[in-house]
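Taking it in order: structure first as structure tokens, then the write-up.
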Amino acid sequence: MTDMPIDPSRIESDNAKRNPDLEADYAALGDQLDRRGISIDAIVQAVRGFKVAVPSWGVGTGGTRFARFPGPGEPRGIMEKLDDCAVIQQLGRATPSVSLHIPWDRTDPAALKEKAQGLGLTFDAMNSNTFQDHPDDPKQPLSYKYGSLSHADKAVRTQAIEHNLEVIEFGQAIGSTAITVWIGDGSNFPGQVDLARSFERYLESAKAIYRALPEDWRLFTEHKMYEPAFYASVVQDWGTNLLIAQELGTKAFCLVDLGHHAPNVNIEQIVSRLIFAEKLGGFHFNDSKYGDDDLDAGSIDPFRLFLVFNELVEAGDALSRLHPAHMIDQSHNVTDPIESLIRSADEIRRAYAQALLVDRAALRGFQDENDPLMASECLKRAFRTDVSPILAKARSMDGGAIDPIATYRASGYRNRIAEQRPAAAGSRSGIV
Amino acid sequence: MTDMPIDPSRIESDNAKRNPDLEADYAALGDQLDRRGISIDAIVQAVRGFKVAVPSWGVGTGGTRFARFPGPGEPRGIMEKLDDCAVIQQLGRATPSVSLHIPWDRTDPAALKEKAQGLGLTFDAMNSNTFQDHPDDPKQPLSYKYGSLSHADKAVRTQAIEHNLEVIEFGQAIGSTAITVWIGDGSNFPGQVDLARSFERYLESAKAIYRALPEDWRLFTEHKMYEPAFYASVVQDWGTNLLIAQELGTKAFCLVDLGHHAPNVNIEQIVSRLIFAEKLGGFHFNDSKYGDDDLDAGSIDPFRLFLVFNELVEAGDALSRLHPAHMIDQSHNVTDPIESLIRSADEIRRAYAQALLVDRAALRGFQDENDPLMASECLKRAFRTDVSPILAKARSMDGGAIDPIATYRASGYRNRIAEQRPAAAGSRSGIV
Amino acid sequence: MTDMPIDPSRIESDNAKRNPDLEADYAALGDQLDRRGISIDAIVQAVRGFKVAVPSWGVGTGGTRFARFPGPGEPRGIMEKLDDCAVIQQLGRATPSVSLHIPWDRTDPAALKEKAQGLGLTFDAMNSNTFQDHPDDPKQPLSYKYGSLSHADKAVRTQAIEHNLEVIEFGQAIGSTAITVWIGDGSNFPGQVDLARSFERYLESAKAIYRALPEDWRLFTEHKMYEPAFYASVVQDWGTNLLIAQELGTKAFCLVDLGHHAPNVNIEQIVSRLIFAEKLGGFHFNDSKYGDDDLDAGSIDPFRLFLVFNELVEAGDALSRLHPAHMIDQSHNVTDPIESLIRSADEIRRAYAQALLVDRAALRGFQDENDPLMASECLKRAFRTDVSPILAKARSMDGGAIDPIATYRASGYRNRIAEQRPAAAGSRSGIV
Amino acid sequence: MTDMPIDPSRIESDNAKRNPDLEADYAALGDQLDRRGISIDAIVQAVRGFKVAVPSWGVGTGGTRFARFPGPGEPRGIMEKLDDCAVIQQLGRATPSVSLHIPWDRTDPAALKEKAQGLGLTFDAMNSNTFQDHPDDPKQPLSYKYGSLSHADKAVRTQAIEHNLEVIEFGQAIGSTAITVWIGDGSNFPGQVDLARSFERYLESAKAIYRALPEDWRLFTEHKMYEPAFYASVVQDWGTNLLIAQELGTKAFCLVDLGHHAPNVNIEQIVSRLIFAEKLGGFHFNDSKYGDDDLDAGSIDPFRLFLVFNELVEAGDALSRLHPAHMIDQSHNVTDPIESLIRSADEIRRAYAQALLVDRAALRGFQDENDPLMASECLKRAFRTDVSPILAKARSMDGGAIDPIATYRASGYRNRIAEQRPAAAGSRSGIV
């Protein structure tokens, strides 16, 4: 892997400095887990096997409708995005695959595949885009201002369907096996669209896409309560998402973005219900306090993230049948996106590792005996365990950095690309 | 109907006083609607045909966990509750049926039916109760503290199932054809119950009830986000409710209580989706600002109530197949329950009448042409119309009061029953 | 006023067609109000006196972080924005003043003033902008990515203060007497900023602006729960806003934007409290279902808007001392902004007119006698009254249109400016 | 302290068994903290000094408006409640004081004081109760159905004031130095009360109480968004609470109950603002997911609890001037209340200990350099640290149990009191 953006010797030397402390902490944690009947090495192995995809759009600085404040070295195209993704994977070793967004990442598929292989990356689920207009795309002359797959005008629906088919075709060329369909369709005012008819039109369009799905592909539909639509979104919640997946068929699944729900909603329970219905397709991980804030996973409510993973671990066999996709979907407005993605992937692994520590036999006993306090403590004991040494060990065993943020900063990568990638003019303003 | 609790001559004389103004307002509104191409008489006829059931428990003063402040003349049993329901129907003419709650209303079914017939009342959906313990009920010795239909212990589940079967049997004896199953099952802490296993147990229990359902009955399951469970309710939202109704079969439907959703949720869209899924069973009408506040229908957000009815009217044929049940479910903590139920039924009819005024051809045109402003105004124009003369006309044509609250107060009914029904001792305290 | 953008004869002829129906409806409503002891003419006079400012930024199409879909004829600068504002005022007669936003609207003040005078417009509160970077503004070279008035770096704070002083100076030149300071300062992650120190820095900066405030000016500070900051906004709620106004002094007041609160919050109560504290500065009117949706006033929850005006009318004398500013702040993403602003101003007047119809003596009686049902009905009776004829009468008496949307559409104004104002290139994309 | 309810030798023997593991974990953690420049012993000392009061009403099983499911051995009066509180303190060593509620805990003050002394307990803030009627209290014949301190009727206000004065007098007799005033006053319907006048009446009443406050006492007022009032609570949020404390004077402070806010509200920021305003009086600790769920502290969102303590530790000197009161206020519906209070106090101490681990110099550096990622990680690193050995050490050094729940269960206390305290008849039903 000679294309690696960070000099491997830097990682090695940094790790050498940090290894003694890691070994001490790892040994102490190992002792403690041993007393709890848990093999720390087994947990490390499980963590090493856990991967999460990064979104190509996540390595650029995000923004709000008010403003976007780019940082130095913003990637100017998918090839530079892949370089940044490679840094994330090289240091963190949790993110070997990238999720693309068409038309943003449209390019020659063969070149893309070659570039990715050189960086040790593969491609996860594809994403279509019919929530923006694409004035430069000759295949998408019609506007999505009033919807796409559910638009009142059949011509717009057809254009949106064709776009999705193109995305699938592109995905096939680069080895992807899934497409995620998120639309912004909806309405801002009561009456603007007929809630029933627009849903029926959406289903008709989704069925057309589904029919074109290759045999070994999965179709993920994603629900979201609001934004960009502020009165009613066509695919507003998991109930509607479930109806869609049921209508489409056995290759259709529901994607859960942690930030797309109403206030106070119990997300881990939705995960459990979708597993029951055999329709859990995967996740868009992030964290949020208010709406679809798209903050770094685990940064606002780490216990909630743990509880989601507790459901996944608890599901056991049912889950292995579903093998849900793990993807990050975040907007990095104030941090270096590479750093945010490294630590977010780590936080997601942290929640997974903690969930693996739950004493499930004891938990089941507390549940069957109606002992809420001990059941609650059983989960919290696992959550409280500082599994940082496990995560660091997993990284270092796979060639990553014990302290990936520190090593990244010391590498000077950001400064280097800032010189290579001049800032685009006029990119600072937002929309109000 | 010689048993009528209010002297009919009072209604007549009160109406006689108020009729000239009503006729003036009715004529003016009729002229205006005429210009909009709407026959006011047709609307009146439709409103007269619209009925909503009152809950037997609604005629007593409600409370919170902090306190309950009873008023004078609280009904001491189902027979007195029926008397109060008869007042509501006599004056408002929108509520000819009553929804019962077992074991609260358990009594001799034959006597109950006779009493109701004498008052011109019938019985709507039955309600079972496995969210409270019933120490006086020899058939329910086990506690529901840790659940009922989803309880970890099969014996408790069996008891809860048997209770529901008894409620169905009771309902058959008095002419009901539906049962509403709302449970408080859930958990207060993560880990307390296994989210998946408790749902599976619930389904198993619900299927046992469903199997015992008479051929012409419907089973309504009701979702609720929280309270009494404060971490996860087993039937927490319409998505789970939909799964239940799908698992059970063609006689199982989802009941929508307007106050049982997460903040900001678009309820009318849920109604639309349940119609699509052919699983809308009916409503528990009320209004709320925060949680399951159980306030008088239309008192907090009347436009939302209108938008629900807009979906019902829009659905047309689909709805007539489903013929959803209309029921009020409110807690009257600070008002005279009789007054609150009279005006709530009136507000529900108001929303229905307004929804009938929507120019649906024009609306469809605005929708198909992507004219959100005119579509929005089209709904708001109907909502803005003061249909009070229509409601009063409908009441008076059926023998009810033009101003039912005024006539009720003038009748002295509350004072009369306050003398007949002494306050129960110790009933003032709540739970903290 | 020869500069009027719509030919006055069109308004006259359109009104002539619609006047007979208006007169009929007006007479019928007048009769009804007469019976309630209310003079319809007095209400019309009060409505004619009620004005609300339009925001210069509101006449352009808004968007979300995902996309912006401009319409035809987007104004390309403040002069064209004023033309559009003049249409709104000419047809609706409720919006004689415009609120400017610097630097968006920066131009020669004298020319601006002259242009406005020709159109019969004046200027309301000025708005500063330190939530975006201004790469073209030589006076603002430093980035606001990490805050402005509360930034950790004194140089950035100084720049932001200077910008506000410039806005005041600009405002003085065109006859404004108030400045609204809304900042996006805050943090996306716990720990990012010190909650206490950043607030203290904000206060220090705000005091510097306050000291420069001309004698006859008012300073409005605006709170907002979230967006663009997603963990903690520096001025997050009315409590903090109140502290600010108290710290600053007698010319400092709190601005209430209806969409800037937490879910379920009782906004009219905040209005009441700010009146008590003598710190209510005014409003940014709009409507919302989820967050700061910036939808058309009264389009989602018209009863809530009425309840806000109920507080204003109830406050009586206290309010006339405060004379709060009325401004619209909306984002018109899917409608013609001119149409949305015309009808929003009308909806705001509608709420005001309805609030004037409340029988305040009766209401006070019901309140003092603890008669919640009648008190509730007292408000709802006023709200239910369709005051459309009053609003139309007020418009037509002042030279506006009886049906302003219809007259606007018939005028062909949008098509005309679409030809004169070619679409800007590349303006279609958003931020993700 | 021979009155101790748990045999001290049991604690000793249990601790002896658990001590080796504790010492191992403590040493490992000490090493790790040492590397971070932190003395584990200093943290233990700080934790030992941290105390939180338990509420007398918390040792009984709570409920909802739907039902209450008592457990065995419910305390039948304040003396038995004190016994239970003594168990909590004996095992956990974090809760030496008890907060009383009058009239629930009314008894002979001298006897009460003596009983408490024998158990090693003291009394924290007193609580008055004007949110329930007290039919057995001859001094409170008037009903609070329509309010207390803000009631429209002066006689009711006077009664409520007098009750508070009595509570103060009672508190003086037992050594308390603070009173917490929480009222349920508010309205369920728009219009029911005048928002302004009811607040003015409240203030007038609160001033009367304040005037009677002994010199060395503090008055805590507590805000709450909703419940029992479902449209508008008189003291609905911290902004109103601040106005009250400002109006009353230097001995008046705001109490923050973690569950009394709108959804998504940033509570730690409110804490910071109240410290700024020098009006933070203290806390009612608990946790919640939906509303005022009153769940065990730290059981739903432990990171939020940590962030509150992060503000307290950060405030440093400012806080020591305010010395806010720490109190638990929870409703234990499904757990043994003694167990819930032991672990809740422990969770509160945990959050405090974690907050002490924050590297404040580093944090300040990250903040000043606008390094959100490292600032965020700085807090999370402290939060992730499993401080359980510190908490156990603090307990055992003070004579408490290393594993207090296990020791409590092994002690057989609950079974013992269940025999001594027969269940009250009819106590199982709730309110609907």
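As written, the chain order gives the labels A, B, C and D, with residue 1 at the start of each chain.
Here is the rule we go by: contacts are C-beta pairs under 8 Å (C-beta built on N, C-alpha and C of every residue); 3 or more make two chains touch, one makes a residue touch a chain.
Here the structure is a predicted model, which is why all the values come from computation and not from measurement.
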| item | value |
| --- | --- |
| Repeat of the C-D interface, chosen from B-D, A-C or A-B (over half of contact pairs identical by residue number) | A-B |
| Of all other chains, the one whose Cα centre sits farthest from chain A | B |
| Centre-of-Cα separation between chain D and chain A, whole angstrom | 39 |
| Of all residues in chain A, the ones touching two or more other chains | 145-146, 187-190, 192, 225-226, 231, 263-264, 266, 289-290, 296, 299-300, 303, 334, 372-373, 376 |
| Chain C residues within the chain B interface of the complex | 21, 24-25, 28, 31-32, 35, 263-264, 266, 289-290, 296, 298-304, 334-336, 339-340, 343, 372-374, 376-377, 380, 383-386, 388, 405 |
| Interface residues, chain B side, partner chain D - complex | 57, 62-69, 131-133, 135, 143-146, 184, 187-190, 192, 225-228, 230-231, 263, 288-291, 293, 295-296, 299-300, 331, 333-334, 426, 428-432 |
| Complex contacts: residues of chain D adjacent to chain C | 145-146, 152, 187-197, 199-200, 225-226, 231-232, 236-240, 242-243, 261-266, 268-270, 272-273, 275-277, 303, 307, 310-311, 314-315, 363-364, 366-370, 372-373, 375-376, 378-379 |
